[in-house]
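Below you'll find a set of structures to go through.
One chain, chain A, links the two complexes that follow: it is found with chain B in the first and with chain C in the second.
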Partner chain A sequence: MEQIYENIYYNDWEWIVKLNILVSFVLILLSLILILFILYLRLFKNSRNLKKAEHYSRLSDFINNYLFDPDFDETETENFKNNFLKTNLQKKITTKEILIYNQNFKGEANDSIKKLFFSLDLDNIVFKDLKSLKWHRRTRGLYTVSSMGIKIQESLAVKLLNDKRSEVRLQALLYFIKLSQKYPLNFLYRLEEPLTIWQQVYLEDALKKYEEQVPDFSKWLTHKQQSVVIFCIKQIAVFNQYENIDQVMPFLESPEEELKRAAIRCMRKIGHEEAIDVLLTNFATESTEIKKEILKLITQIGDFNQLQTLSGLLTGNDEEMKIEYLKAEEHFLK
Partner chain B sequence: MDYRILIDIASWAFLVYAVVICSGYTFAALFSFLEIKEYKRIYNLPSEEVAMLQSSTLPPVSILAPAYNEEANVVENVRSMLTLNYPSYEIVVINDGSKDNTLQRLVETFSMVKDESLRYNSIPTQEVRGVYTSTIKAYKNLTVIDKANGGKADALNAGINNCKHDLICCIDVDCILENDALLKLVKPFLNNEKTVIASGGIIRVANSCIIEDGRIIEVRLPDKFVARAQILEYFRAFLMGRMAWSRLDGLLLISGAFGMFDKKIAIEAGGYNHKTVGEDMELLVRMRRMMRNKKIPYTVGFIPDPLCWTEVPQQWKVLHRQRNRWTRGTMETLWMHRKMLFNPKYKVLGMLSTPYWMFFEWLAPIIEFFGILFIILLYVLGFLNWTIFLSFFALVYFFSVLYSITAIFFEEYSFQQYKKPKYIFRLIGTAFAEPLFYHPFVMWAAIKGNIDLIRGKKTWGAMSRTGLSNPKK
Partner chain C sequence: MKKRILVIEDNPMVVKSLEFKLNKDGYEVTVAPDGRVATEILKNNNFDLVITDLMLPFVTGSQLIELIKKETPETPIIVLSTATQEDIIMDAFTMGVDDFITKPFSPNELSLRVKRSLSK
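And then the complex of A and B:
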């Protein structure tokens, strides 16, 4: 250090030239290493794709024989397991392919596919995945068990339901719905984290595919997570649960705007006219967004007289609301 | 004071700046790598996209596409947008006072008639001459706004005023979107516990790619060096720069070519500012600033998938105009929001993002330019030590080559869009030539941008394009 200081002091820059040359060589070396790495990556990906294609073809033949060849011998399964399920890639591809077959086949073929999954010991990999510290493995594991209909320990499922990663939580939600016999949404009681809209979309889709009786969504209208309540209000409209309208009505007066908006939209979809009178009482104190929702509600399920009670909007200062009112009026007078 | 001391001070100042900038880039590369690795894991997860596309719960989106003198391609571009994979969206094309037949082409092709419905203008704009909707059911989600010319920002504001949905996706009408672009871009808005005010994606270079029915069929590397150099620039900017800022939640820019915004928040912030040529960056900074001032927890999403393809300038003159404008836009935005600079109240934005943009984006070409002048001065005065100069030159050159090669590595590691092996070699070759033959030109365009701004230039400058037609196979 002292030497460097002295060099700088006496304007001896030779040391910096040496340093620059050294660093330049390091940079060149790093560039070359990276170029080699890029080429290796390209070769690696190409070779992996080839291996994938090869394994897919072999696997496809094997599964087709397993399913449809009457002379299929059980020892072939053992042979396949011992010879072609050695690497992680092979195990991953096999699991993925079995999941596709499982999705596409029903009845006896589906039972056989499930049996094959266990015969190949793929369940062991899945259980390892579920307990992995890596979130993407936990997600993959959950996806597999819910697709294959494999039950896992309740405590583990609940733990994953409240995982810190939203991807894991989503798969846990789907697991509970897909594997439930009677009460697909009972897991909501144990849900600590809020539901994102992305998760709600998946849940709604899973519920639409649910073959048993759709649950009574009003059970969770008192849930501590606001997102769960909003989801249930939406589903009451989606599944036309008219019997639950009375339980949604109080949300029209909720101080929480999101809840109020969900309730108004629910009323609109279900066509519950009585909601309009409740909403008109407090119209003046509502936010612009809620006022717009109410006007939309009147336009769709109300009548011209109800709209006229809001004609005061025309003399107010809010230009946006004036136009919204006129648009609604135009709708009735058309 | 001995002038030799002044020269020493200047030399040290340049050196310190170079060390800071290189360290900044190194950190950006590290952060980006972590972000890409994470995204790859999400990308490879099993998903049921079909479920999403059938869901009525997905929020509808309004695509806003300003068009100015786009007669040649506008119909094809709109047709391509009409086939996007998303359950509910509308397309709003804003004809910003085109001097050609853009409006007529749209009206005739899509059988459009004037819609006299009442509309509320949340943001003031130039006169809207008419709003057109189609009489054909298949095009019911297409609206054309015809307005007096007011520039891109003004056109987008007119689009915001006239669109129906709460999420707006602002795009350049000549961009090519991937089929699932909207679905991917909307995800951050839906899968976040914080309020998401905007989300952006990676822009890719479409020059020389094979395009069919408005979709990229095969990704090809352009033959022209200037276009290839821009591919490297885009890799560096998106795969390294913005990925890193996204990880730190410090993004200040969502490309004007493709970005999604929460309409309500955009209106509350005042919409696009037509007084700057960097309206895309300025809007996001203003929205972020507003959210911070209101103390509402929020974030900005970023999707590293290649979702949007654009044509980059292949003529040096056009490139010069583009970079000149980008510099002016950056400078104007930084000046308008100078209170954020080093202001701890704005956290990452104040202490990292805005200083980064000031020192690394705006000041970098200026300092580089003065560095070159300084070298010339030393040479003229006879003080230039060639050994030292060449050693520094080699150092900087190899650092920039390494940085570009790292960007190629990131591309190869993540999306591997350039499939042919020869493309990799050509890109590596470009990485070696770019610092010598491309970078000085871009630096000069930025310097001119600064000069033009000081002189009060406010125009965009014509951006003539060669068009994304298919090259010979």
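And then the complex of A and C:
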């Protein structure tokens, strides 16, 4: 019996040792592969950084010579293009650097830097980016054409405007605003995707910097995308387009809460008192959020009598509304 | 003898271009990438003109202007900044700067303004 047990034990032990050796070997091999991979990554990164630094330095000298040296020879541009714009990395760095020059310089230097961009055929690279399957390349391409003021095919721009990635769509919106000289928001007619809050913020900011006359936002109050309509109602308030109040008024009775809220806020900003009477008619059936908006509206542009028509709130069960009512009352009694 | 200009700016592209352009115009250019380095350089050197940004790391452009106006009030200062707000521009002139150029800027215009400031 003992002999049998020993044999089993010995055989098991032998099996375990073999397994141990195998596992150890595999682990050592994996560790070595990992170490070699890390070393390769490090070397690759160092070499890439070195190449980057070298190209930056060469590029900076070339651009400064191009811009400021009166003895600059045009053949140098051709030489640079043939010798130092071979790899994707070189092309990417050059485009990025030219964009920085473009942002920092104005006048003659800015015109020259734009000319250089085309002389180096960087526009071809950007057009490839715009048609790329990778979303970040499409975004980068759009950013470049917007910054350099390059017009692209209308059909391509519209396709990017309705891209599946919101990042691409945002850059496309900014492209349209920047490059449309007379009608910066006409792209909205062709927008099929909703406007995200983030995009709305960017658009508003771009419109505030827009130097020409801001468009009439009422043109898009019938847009099929609710987000576009909300954006336009907000902008009517931001840009004080009093002439469009009549077109915003129907939204005070909209079954869509977001639209109604945007319209109330627009009335508050513009100071259109007639809106209060419309809203008081259906006050009882409104949601708590809308009721709060109406109370804010009365507080800011209404009078104490209008508030008192809602005094029934004090006897109701909604504690939140009671507090809101009392706050509004306090405002008038101060 | 070449006129000496100190350029205090943290944007490497702007620094390189200014250095190149001003060298081409015949000036001797010293560069400081931040306010702290600029303070050290100013302790041991005199310059005919200082071009400075307002938003700088460590020591701000306004602090540097105060320092320069205290130590060498006759040194002309040109501010090169992205700031366009009227109050910032007014404050800079109140502190005694000679000129204020906003970015994006025209290098040729800057060159002319440098020449004008140095000839005063």
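Just so it is clear, the second predicted complex is superposed on the first by the 295 of 334 C-alpha atoms of A that agree within 3 Å, B and C clash if a C-alpha of one lies under 4 Å from a C-alpha of the other, contacts with A are read in each partner's own complex, and residues count from 1 in each chain.
Operating definition for what follows: a contact is a pair of C-beta atoms (placed from the backbone, for glycine too) under 8 Å apart; a residue touches a chain by one contact, two chains touch by 3 or more.
Owing to the predicted nature of the structure, the values given are computational and were not obtained by experimental measurement.
When both complexes are overlaid on chain A, the residue A:D123 reaches neither chain B nor chain C.
By the touch criterion defined above, A:E76 lies against neither chain B nor chain C after alignment on the C-alpha atoms of chain A.
When the two complexes are overlaid on their common chain A, residue A:Y143 makes contact with chain B while staying clear of chain C.
Of the two partner chains, chain C is the only one touched by A:Y101; chain B is not. In the superposed three-chain model, the partner touching more residues of chain A is B, compared with the other of chain B and chain C.
Look at A:F68: by the touch rule set out above, it reaches chain C but stays clear of chain B.
In the superposition on chain A, no contact is made by A:E258 with either chain B or chain C. Across the superposed pair, chain B and chain C touch chain A at no common residue. Touching chain B in their complex are the following residues of chain A: 11, 13, 16-17, 20-21, 23-24, 27-28, 30-31, 34-35, 37-39, 41-42, 45, 96, 99, 135-136, 139-140, 143, 166-167, 194, 196-202, 204-206, 234, 238, 289, 319-320, 323-324, 326-327, 330. If you check the complex, the residues on chain A that touch chain C are 60, 63-65, 67-69, 97, 100-101, 103-110. Every residue of chain C that touches chain A in the complex is listed here, in rising order: 11, 13-14, 16-17, 20-21, 24, 103-109. Those residues of chain B lying in contact with chain A across their complex are 8, 41-42, 44-46, 48, 51-52, 54-59, 117-120, 122, 187, 189-193, 264, 385, 387-388, 391-392, 394-395, 398-399, 401-402, 405-406, 408-409, 412-413, 416, 421, 424, 428.
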